[in-house]
Amino acid sequence: MKSNFKSWPVIVVLTLVSLPLLIMFTFQLVDTFTNPIPGSIWPESFTVEHWRFLWEEPELGRSSIWVVTWNTFVFAATTAVAVTTISLTAAYALSRLNFPARRFFLGGLIILHAFPTITLIIAIFLILQFLGLYNSLIGVILVKSALELPFGIWIMKGFYDTVPWEIEMAGVQDGASRFTVWWKLVLPQVQPGLSALLIFSFLSGWSEFVLPLVLAPGNEAQVLSTYLSALILDDTKPDFNLFKSVGMFYAIPVIAIYLIFQKKLMNIYGGGSKG
Amino acid sequence: MNRRTALGFGFLAPALLVVILFFLAPVVLTVFFAFTNMSTSTGIRGGEYLLNQSILRSIPEDAISTETRNTLENAGYQVNDQGLAKLAETVSPATADELRSLHGGARFDSRRDMERALKDLRENRIRSTRDRKAAADLFNTSILNTRYNTEDAFRAALAGTNVPVGDHDALTSFAYTGWSWTTENMKLLFSLDSSYRYAANTALYVALTLAFNVGFGLFLAISTFYLPPVLASTFRTIWFLPRILPPVLYVLMWKWFTWDTGFLATMTGYLGIAPRNWMLDTATNAWVFVVLINGCVGASLGMILFSSAIKAIPTSMLYASEVDGASRWQQVRYIILPQLRWPILFTTSYQTLSLLTSFEYILLSTEGGPGRATEVWALAAYHTALSNYGGNLQYGLGAAYALILVVIGIIASLLYLRFFNFKELVSKPRIEQ
Amino acid sequence: MTKKFTGALAALMMSVAAVPAVAEDVTITVWAGGSNDSDAYRIDAIAMAADMLEREAAIRGEDLNITVEGKRDFGGWEEFKQGVTLAAEAGTAPNIVVTSHLDIAPWSQAGYIVPVEDYLDFDAWPLNDIYPNLLEIAAYNDVQWGLPQDAESRPFFFWKDTMRAIGYSDEEIAALPGRVASGDYTLQNVLEDGKKAVDMGIVEKGYGFYPRPSNGPDWGQFYQSFGGVLQDPETGKLVLDKAAMQAFYQFFADAVEAGLTRKNHIGTDWGQWYSEVANGKAALWHGGTWHYGRYTKKEGNQDFFGTIEFSLIPAGGENGRPNTITHPLVYLVTDQANDDHEEIAAQLIKIASEPRLNSLHAIKSAHLGISAQQSNIELYADDRWASEATERLLGEANAQPNHLSYGVFSEAMWSGLEATWTGVKSAEDAVAELEAELTAKLGDELIIR
């Protein structure tokens, strides 16, 4: 907004408090392409050797970065689609349809919304095992989607709530079924929420750490987060710039998606509801 | 009416299925687990029946007779008629005859001695190790170290020994390797000093992080509000990164920043301060960074919510206040903050619960250290049940930890439901009216 | 029964002379815990053994095709054990695991592993050449559950330059291992010498005595140094010797108090830790025999024997004894639906225990060998560290007990040490809490002295 207040003091203060983060980001980026002066943190020479993990063959007992990346992508993308689809229908029912026990489901949703899910992981393990999905990507996807669901439904309900009733009324009066009204008239109205949720759950899946760590420890289902954390704990290879490059490689899609879809993503909290 | 109901449930069905499978069922199971002694050695699936020396030793003196103990411990391997008959049947009568002539009636303490005896066979050698082991097994009169899948199988084996019938029931109950029901976990939880420390840590963690989240979120939202749009969105972008960067990498960046060869130590080194690991140096340091790491993530959420709430304030109000000569501080204090009451309340209550149960960032940064100073309740549950150096996974006790969080979570949510005017949320759909 | 299973059975029933050749493809998965790049032979040796087993099968006219899949990039022991336990619980355990011998008790009780003695003849080569005491460590309840994969022990280290600077002559330094072994040089001397080194400014404050920065088997050594016993030999129960435990905790509190050891030492990054001790930043410290490899290669200490002296862990005082704990990793075979896969796994770990194969691991990772004949393998015999460490340390080495509740015991012992070390509790209070916790958790399985 235009204002007669000076902005420079604000800029100075903001810059100062942002400095630690800025320094971290900068070093994170610079270190992946440079070698430091021995014994210090300052870069000395340019190199691409820290990125060698991209083309070198993995040793026996380690996974290939490309397989791991593919796993991560499948995990994140499937989770995003599952969360979004299920949220779209469930939120519509909760927002617009009248059916018995709706109050109960809404209350339940709010409780789930703030639930200590991760502490239930032992029980979740047992259920996956019963389903035969332990140590598989599908299992982790299911669990991750489930844990994201209350958030997704909550967000989508917020978007549905803002759709004017007149649109649906008009549809119903023209003789269309509720389903058709939803599909043809309402969905386009909540499209911003849909994209935001899709992107948001993708990022969330891409970042997930504890679930794959516990529920899919095998090589076949390894994802980038567990790959990176295991790499760093291997104490005979303190090649920090290599770690940073792997980290950077891991973060590039996130940053790219964020920068491209920033506007859409910010809609996630714009559903008009209180959360 | 029916069709409408069907549509409602139909739309809800996929979500319901997932919620039942991965929320409700785990909660119910966690309640059960919390009252079992389930651990690595009992397994989760239920047990089998096994006697060995350790188990025998752990049976109290008076539970079984000394005769029983001796019978079980001294059974060993016997080259008896029964075994020889089986050997004749499975291998050949000639083999059985040769063994009878060599070792007929002999008794061996260990399986290895029995196998050695079988190696003495000359005319009818048993060449394969696996076959020899199978043959040795025919002469085993001990039930120690053999696993029986069912109680019946175990009792049948017991009946085949000379153990007095009176001790069979006691032995069967001690031989069960699976878990059993107990209320010990809860008692243990409330008797351990560490539980109270973890609870205090959790309270501290939630309070500090929340204060940071809200306070700093407010600061970011208000300060960026006063900036030209391009600058404002630049700063918001920077501060939104902690929220979307993968936690593993985000925490690593902090680690690299605070290591004793990292940026912070290098800078303070120029000031003559000896390099140190700033994150883990003391408990206070660890707390500062735990709060900062979590706080920067949480603050971005506050920033977004508060920013959109500020945008909703009519600009005319702000202009008017400026014309009236209000200072910036007065503007914030009397116009902006009152508008933010509701979002602040929401953020606070929502994040209290999520902080209470979150441990990912602490696990990745301090792992509860130094000296368990930053071990919070949820992390203790995770460590107890699933992750410790000795690999001693105590599912039962861990579930007891988790159960307490579940109870707190449900109570808090119900309170919030009352507080945040639930009726407004469930206003009736209008089409059906 | 499918044709494949019948085929597998036939291929393995070696007693039958003429077996029709049936192609058999088997995938054997190996998970190795706590393994870095230098420990690659824990998995590679299995792959080499598979080649051998295939050739043996081919000569017998069977077509056996084994694929070895390994995994060792776990976050740490915690993640590894969690992974194996849950996988075993789900029935998808890897065929072979390389892990601590302490896991034998709980994992055998839970039925996750099968005894290797069900498949292997211990009177035959190469198993009859493995040191009996190491085999003993891989046994539980008189059943041989696994094979030792390597041996090691955990010595005490002295930085020679620092010792010289605080007044030791070269002869006196050379005599230290002997003095430690005889109980003449104790942990009280460690406190004195460490303090001297700090006070004289030869090492920085907090570097007089520089212990391991995390939980591990090492701590039992200091408990033993003060006369503590881990397991009662008569009853097999675990033992909490309160006086010894308190003296052990107090020693670390004293070391912190005197400025020898940093209060916030626990949690120090391992990379930093190695680089510091390998280059003389610490006066006295303790570690493991495999540290030799790390110091001399990665950390670039070219003159290990010229810069570092090593000995047993000194006695705590009059009542204690000098000691060292050996903590061999073991090969275990997990319970599988198909017994023939268990058999193949057992055969593979047997072949991998051949002196020549095991020496590759021992020397590459600076561990000690498992069998007598390794001293006739040049690679092993020519290695000064392997021979000197074996001679000086292994004779006095004992292992931690294979006991169902030892995990609880050692976790609680570590918590108490952490609390004393970081000043959260006095040694006395920490022992009181330890006693309360162990009594509650172990009950009859514990003897308190």
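Residue numbering begins at 1 within each chain, and the chains themselves are lettered A, B and C in the order written.
We take it that a residue touches a chain if its C-beta (ideal position, glycine included) is under 8 Å from a C-beta of that chain, and two chains touch if they have at least 3 such contacts.
A quick note: this is a predicted structure, and the numbers were derived from the prediction, not measured.
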| task | State which chain is most central when centres are taken as means of Cα atoms. | result | B
| field | Pair joined by the larger number of C-beta contacts - A-C, A-B | value | A-B
| query | From the centre of subunit C, which chain's CA centre is farthest? | reply | A
| remark: For the pair subunit B and subunit C, the C-alpha centroid-to-centroid distance in angstrom is 26
| remark: So, in whole Å, the Cα centroid of subunit A is separated from that of subunit C by 40
| request: Mind checking the centre-to-centre distance between subunit A and subunit B? Centres are C-alpha means, answer in whole Å. | output: 22
| said: If a residue has to touch 2 or more other chains to count, which residues of subunit A qualify? | reply: 214, 229
| request: For subunit C, write out the residues touching at least two other chains, lowest number first. | output: 79, 82, 89
| task | Mind pulling the residue numbers of subunit B that touch at least two other chains? | result | 44, 261, 386
| field | Residues of subunit A that touch subunit C when the two form their complex | value | 59-63, 125, 128-129, 134-135, 213-214, 217-219, 226-227, 229-231, 233-238
| task | Write out the stretch or stretches of subunit B touching subunit A in their complex. | result | 4-5, 7-9, 11-12, 14-16, 18-19, 21-23, 25-30, 33, 44, 219-220, 223-228, 231, 235, 237-242, 244-249, 252-254, 256-257, 261-263, 266, 296, 304-305, 308, 315, 318, 322, 328, 342-343, 346, 350, 353-354, 356-360, 363-364, 378, 381-382, 385-386, 395, 398-399, 401-402, 405-406, 409-410, 412-414, 416-417, 420, 422, 425-426, 428-432
| task | Spell out the part of subunit C that touches subunit B in their complex, as residue ranges. | result | 12-15, 77-82, 84-85, 89, 99-100, 102-103, 105-107, 109-112, 115, 117-124, 140-143, 204, 214-216, 235-237, 263-264, 266-269, 272, 343, 403-404, 406-408, 410-411, 414-415, 418-419, 421-422, 424, 433, 436-437, 440-441, 444-445
| Parts of subunit B lying in touch with subunit C, wherever the complex brings them together | 39-45, 48, 50, 52-54, 57-58, 60, 110-112, 115-116, 119, 126-133, 144-145, 147, 177, 184, 187-188, 191-194, 259-261, 274, 277, 280-283, 366-367, 369-373, 386-394
| message | Using the touch definition from the top, list the residues of subunit A that touch subunit B in their complex. | response | 1, 3-5, 7, 10-11, 13-14, 17-18, 20-25, 27-28, 40-41, 85-87, 89-90, 92-100, 102-103, 105-108, 110-124, 126-127, 142-143, 145-147, 149, 153, 165, 168-169, 172, 178-179, 203, 206-207, 209-210, 214, 224-225, 228-229, 232, 240, 243-244, 247, 250-251, 254-255, 258-259, 262, 266, 269-270, 274-275
